[in-house]
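Naming follows writing order (A, B, C and D), and every chain is counted from residue 1.
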Amino acid sequence: MLAISNLHVAYGQSEVLHGLNVAVSPGEIVAIMGRNGMGKTTLMKALMGIVPTKSGSVSMNGVEVTGLRSYERVAQGLAYVPQGRMIFSAMTVEENIETGLVASGGKAVPRDIYELFPVLLEMKARRGGNLSGGQQQQLAVARALATGPKVLLLDEPTEGIQPSIIREMARTLKRIRDERRLSIVVSEQVLSFALDVADRVLVIENGEIVRDDPRAGINETEVAKYLSI
Amino acid sequence: MFDNPRFANRSELLGIAVLALLLLAILPLTLDVFRLNLVAKYLTYSFVAIGLVLCWGCGGVLSLGQGVFFGLGGYCMAMFLKLEASSAANTKIQSTPGIPDFMDWNQITALPFLWQPFHSLTFTIVAILVVPAIFALIVGAAMFKRRVGGVYFAIITQAIAAILTILIVGQQGYTGGINGITDLRTLKGWDIRTDHAKFVLYFVEVACLFACIFAAQFIRRSKLGRILVAMRDKEDRVRFSGYSVANFKTFAFCAAAVFAAVGGALFTLEVGFMSPSFVGIVPSIEMVIYTAVGGRLSILGAVYGTLLVNAAKTSFSESFPQLWLLGLGALFIAVVLAFPNGLAGIWRDHVQPRLSGSGKPGKPWEAIADKTPAE
Amino acid sequence: MFGDYSLGDLAAIFAMQGFAGLILFSVFLLMALGLAIIFGQMGVINMAHGEFMILGAYVTWMTSNFFQAYLPALFSGYFFVAMILAFLASGALGMLVEWGLIRHLYKRPLDTLLATWGLSLILQQCYRSIFGAREVGVDLPQWMLGSFQVTDAIQIPINGVFVMCLTILITCAVAYVLYWSRWGRQVRAVVQNRVMAGAVGINTERVDRYTFALGCGVAGIAGSAFTMIGSTGPTSGQLYIVDTFLVVVFGGAASLVGTIASAFTISQAQSTLEFFLSGSMAKVLTLLAIVGILMLRPQGLFSLKVRK
Amino acid sequence: MQIGHLQKDFLLSVEGLTVSFDGFKAVNNLSFYVDEDEIRVIIGPNGAGKTTVLDLICGKTKASSGSIQFRGKELTKLKENQIVQAGIGRKFQTPSIYDDLTVFENLEISYPRGRSVFGALTFNRDKAVRERVEEVAEMVFLADRLAMTADLLSHGQKQWLEIGMLLIQDPDLLMLDEPVAGMSVSERVKTAELLNRIIKGRSVLVIEHDMKFVEDIAHKVTVLHQGQVLAEGSMNAVKTNPKVIEVYLGH
């Protein structure tokens, strides 16, 4: 589905990602773990075309997207829930979701999105900026789903969110995967969440993938070493 | 190597020497008095341009109201000269002798309070320097303390230029209205209209210009100048190095205002009148363009830019009046899009390396211009 | 100071003055609407905004001449055709300018200001070369001449009423486009977070181009409307630019309601002052008050409270 | 605890500090105290409010309520430059230096003299200044780069330069926001060595994720979570604190 090969990304002179290789199968949920500053966010941004790629390639279903702009990548089926959620805070909840419809060509917000997130239906006339962190997170996911993606990228979705909501989020993501048959790539620092949600756990350290384990038979303490304080 | 920052490095000193040679020898020897007076008129704008180099180029604060300060200086000077020209003997045919003619035409019967002190030359000279400085201080302090800058500052200064123009035009009994203050004759009895006087005034002006260049050069070479550059680049870092950013911006704005006012006062002397058409929005923006064409970071570039644009304006509008505005507009766009550092940038990036052949490439200046902050 | 007037006269004067204020309000609002889109939404300083208005005025003038010469029977309705043509002409020019000039300068707002000033000089000269230096005025169709006789003393000119109605219509249209249409959602998304807008699938460059064109087109309509109440010359646009910017900035740049409120406040202040003072002093005092208030409250009357 | 005990003089006391952005409390009723000569490290997951705390102390963000006392001086009422003059230096997360100026000029501007407009105009680059600049440049490994324009430096060198700019101010409290982020391994080692040298004789407040580095220098660690203190104490105590494990590992 999504294939990343030998991806190098640099800010000016300092290279942050040193040749990543990741392949994501259809319907798979992949968690990318690592501490702050290890390159998770940079990877997400590079996949969306927000940060330019230095060398290497990213392809979706065999279609090369490396040279494309963000909106063209969305049209190819990539969707993005950024770190910090970045909802359009001055716009209402409904308008936020509707911005995602530009790519999919729909007219109104599909019912199933509101079914996934009933709270958004209740609050559809509120300004996005006035939602709580957890609600904003749901809104950001809903907005991404409105584009009709094949691969959903989530950058630290648990950041600043209460533990009780985090568990629910894992369930929701799996439900999204099952209902829509899309692949999900999620970057994380919280191990329990990653173990809840992922089929495969990668660890990124200093811009390189250092571990790649399927969920079954994962050595939690080994992975935790890369994360714990 | 890190001794006291020298006043100017060798190439800058050379540049100043070349300019001095041009202004003090080549032009006076080759031009007739009429043309020389034209050059003198152009040069008065270069005072404004030098001020803009400090406040816009170095400090990143774009003022679109420099005409206000040019006008304040010019009007102060004009008021003094007008009072001298309106002696009771000269104006005995008026219904109220001893006051300027336009006041008499507007049925004003006594010299207004604000005009009284301009009988004194000393007061006038002090006013030329102090009035614009105080005005700039008030405007600058009010805005920079509230962190208003960039585009908003530009628009508000532009509005101030519009206000002052409307005020001058509207209050013609006190200001001479749209025609301005005209028919200026003598300075302490010395007739400024003669060719000889114009010749002498040219040199007085060039002397003032060099004083101004030296002052600007001193400011830019001082730590204050480096702080201005630093501020344009990373305002927050300067704040967190313990400086009050607002005070430094205000200083740059005041300095630019005083330079502009000196230019305005000299303009009145050289040209023999002052009018609101040098105060408003259009002249203010044109002055910014002189700076941009010369190079917003170069003091000498500002002088050359002013001279060149004005020379082009005069010769163009003499021969192809229709084309002049097209040319000027295209020049604006070309400078902004292609040469953000103007003549000085072209000189530094393309001409100088070839001349010296030392192959020591300077940092591309485009990068610097791009950093002029947005807000 | 009211001693010379009877009570009835005074009432009539105030009514007329109030109406004059409303016309001024319409003029300010029409001028500011286009800029509220370009500067308020996109943050682009377009100093050639006045020239885009004038283009609309000239298009209207040409249309009126065309109808007079070739379609005299339809002359009474030419204005509606002219308005659409004005919108298209200014919008098309706007699109061209965005492509050739503005898009290179989004990160250098002060430079945009200088470049668009250069553009305004070029446009002025073009107008002068094509249409001549003299001001031109359009002939109004018969139905727009004259005035409503409300009472003996109060007359309300029909063209003034027409401009007011037009203003209301265009304001509603702009509000609809920005706040309720699909396109407006994209514009607001791009304005709030360009990067994220791209990442939800919005073609931000196209949005920029069409938004700029829309603002210019609205300016064209404004210019078209102005031919109803005054004549047009090559430099007329420059007279408007400071007022227009102040209206938008005073209202709080990103708020359409703010722009309306500020146009209303400024126009009423100015027309009221004009009754007591000379026109120029009224203008000076109004502008001074605006500048003074902006120094105290740089964010303008209405600032949108959003969490960043 | 005895009544009327001697109140200890902390260098920095943060009490009841709250800042909310439109209802969202980024920092919520936060209190902590820093001693003289103490090295304090703040850790916590993204979004816990670490950088906001530094912003509040140095005046970049204004607190909604609460107090920050530095040597008995209330900081919440001061302007940024006054806080710096009171003796607090701050390093930003991304290197914040003056790209257009040389390394020498970068350091010189940070030299704590001639901070008024008039002072800057008459500032004289005398022997004391030159020696101090050279001394600091030596410390931050940039002695041979003094004449270089700062923007030609590598990422790591820029970070060092900013540390040098703080050092030359000789602050009583040094605040560092992720000083080793984005550095290569060799640069990290050098930076650790540098920081170990310069933190002597002053108090330091560090935000850092590199735990090896934290372990080396920290006297005391404060763990922030959702704008509040989750745990505080020695590195070992914090590491075994069940609440900390819960937040980080979720078990």
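We adopt the following convention: a residue touches a chain if its C-beta (ideal position, glycine included) is under 8 Å from a C-beta of that chain, and two chains touch if they have at least 3 such contacts.
Small disclaimer: the values here were computed from a predicted structure and weren't measured.
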Report task. Find out how few touching-chain steps suffice to connect subunit A with subunit B. Result -> 2
Requested in this report: Would you pick out the chains that touch subunit C and also touch subunit D?
Outcome: A, B
Report summary line: The chain pair with the larger count of contacting C-beta pairs, comparing B-C against A-C, is B-C
Report task. Tell me which chain's centre, taken as the mean of its C-alpha atoms, is farthest from subunit A. Result -> B
Requested in this report: Could you grab the centroid distance between subunit A and subunit D? Build each centroid from C-alpha atoms only and quote it in angstrom.
Outcome: 32
Requested in this report: Round to the nearest whole Å and give the separation of the Cα centres of subunit B and subunit D.
Outcome: 44
Report task. Two or more other chains in contact with one residue: find those residues in subunit A. Result -> 129
Report summary line: Flagged in subunit C as touching 2+ other chains are 306-308
Query raised in the report: What residues in subunit B touch two or more of the other chains?
Result: none
Requested in this report: Over in the complex, which subunit B residues touch subunit C? Could you list them?
Outcome: 62, 64, 139, 142-143, 146-148, 150-152, 154-156, 158-160, 162-163, 166-167, 169-171, 281-282, 285, 288-289, 292, 322-326, 328-333, 335-337, 340, 369-370, 372, 374-375
Report summary line: Residue set of subunit C touching subunit B in the complex reads 45, 101, 104-105, 107-111, 113-115, 117-126, 128-129, 238, 241-242, 245-246, 249, 278-281, 283-284, 287-288, 290-291, 294-296, 298
Query raised in the report: If you look only at subunit A, which of its residues touch subunit C in the complex?
Result: 48-50, 69-71, 74-75, 79-80, 82, 86, 88-91, 95, 98-104, 127, 129, 143-144, 146-147
Query raised in the report: In the complex formed with subunit D, which residues of subunit A make contact?
Result: 11-14, 16, 35-37, 83-84, 129-130, 132-133, 156, 159-160, 162-163, 166, 189-193, 206, 224, 227-229
Query - Residue ranges of subunit D in contact with subunit A within the complex - result: 22-24, 43, 45-48, 154-155, 178, 181-182, 185, 209, 211, 214, 223, 226, 238-239, 244-246, 248-251
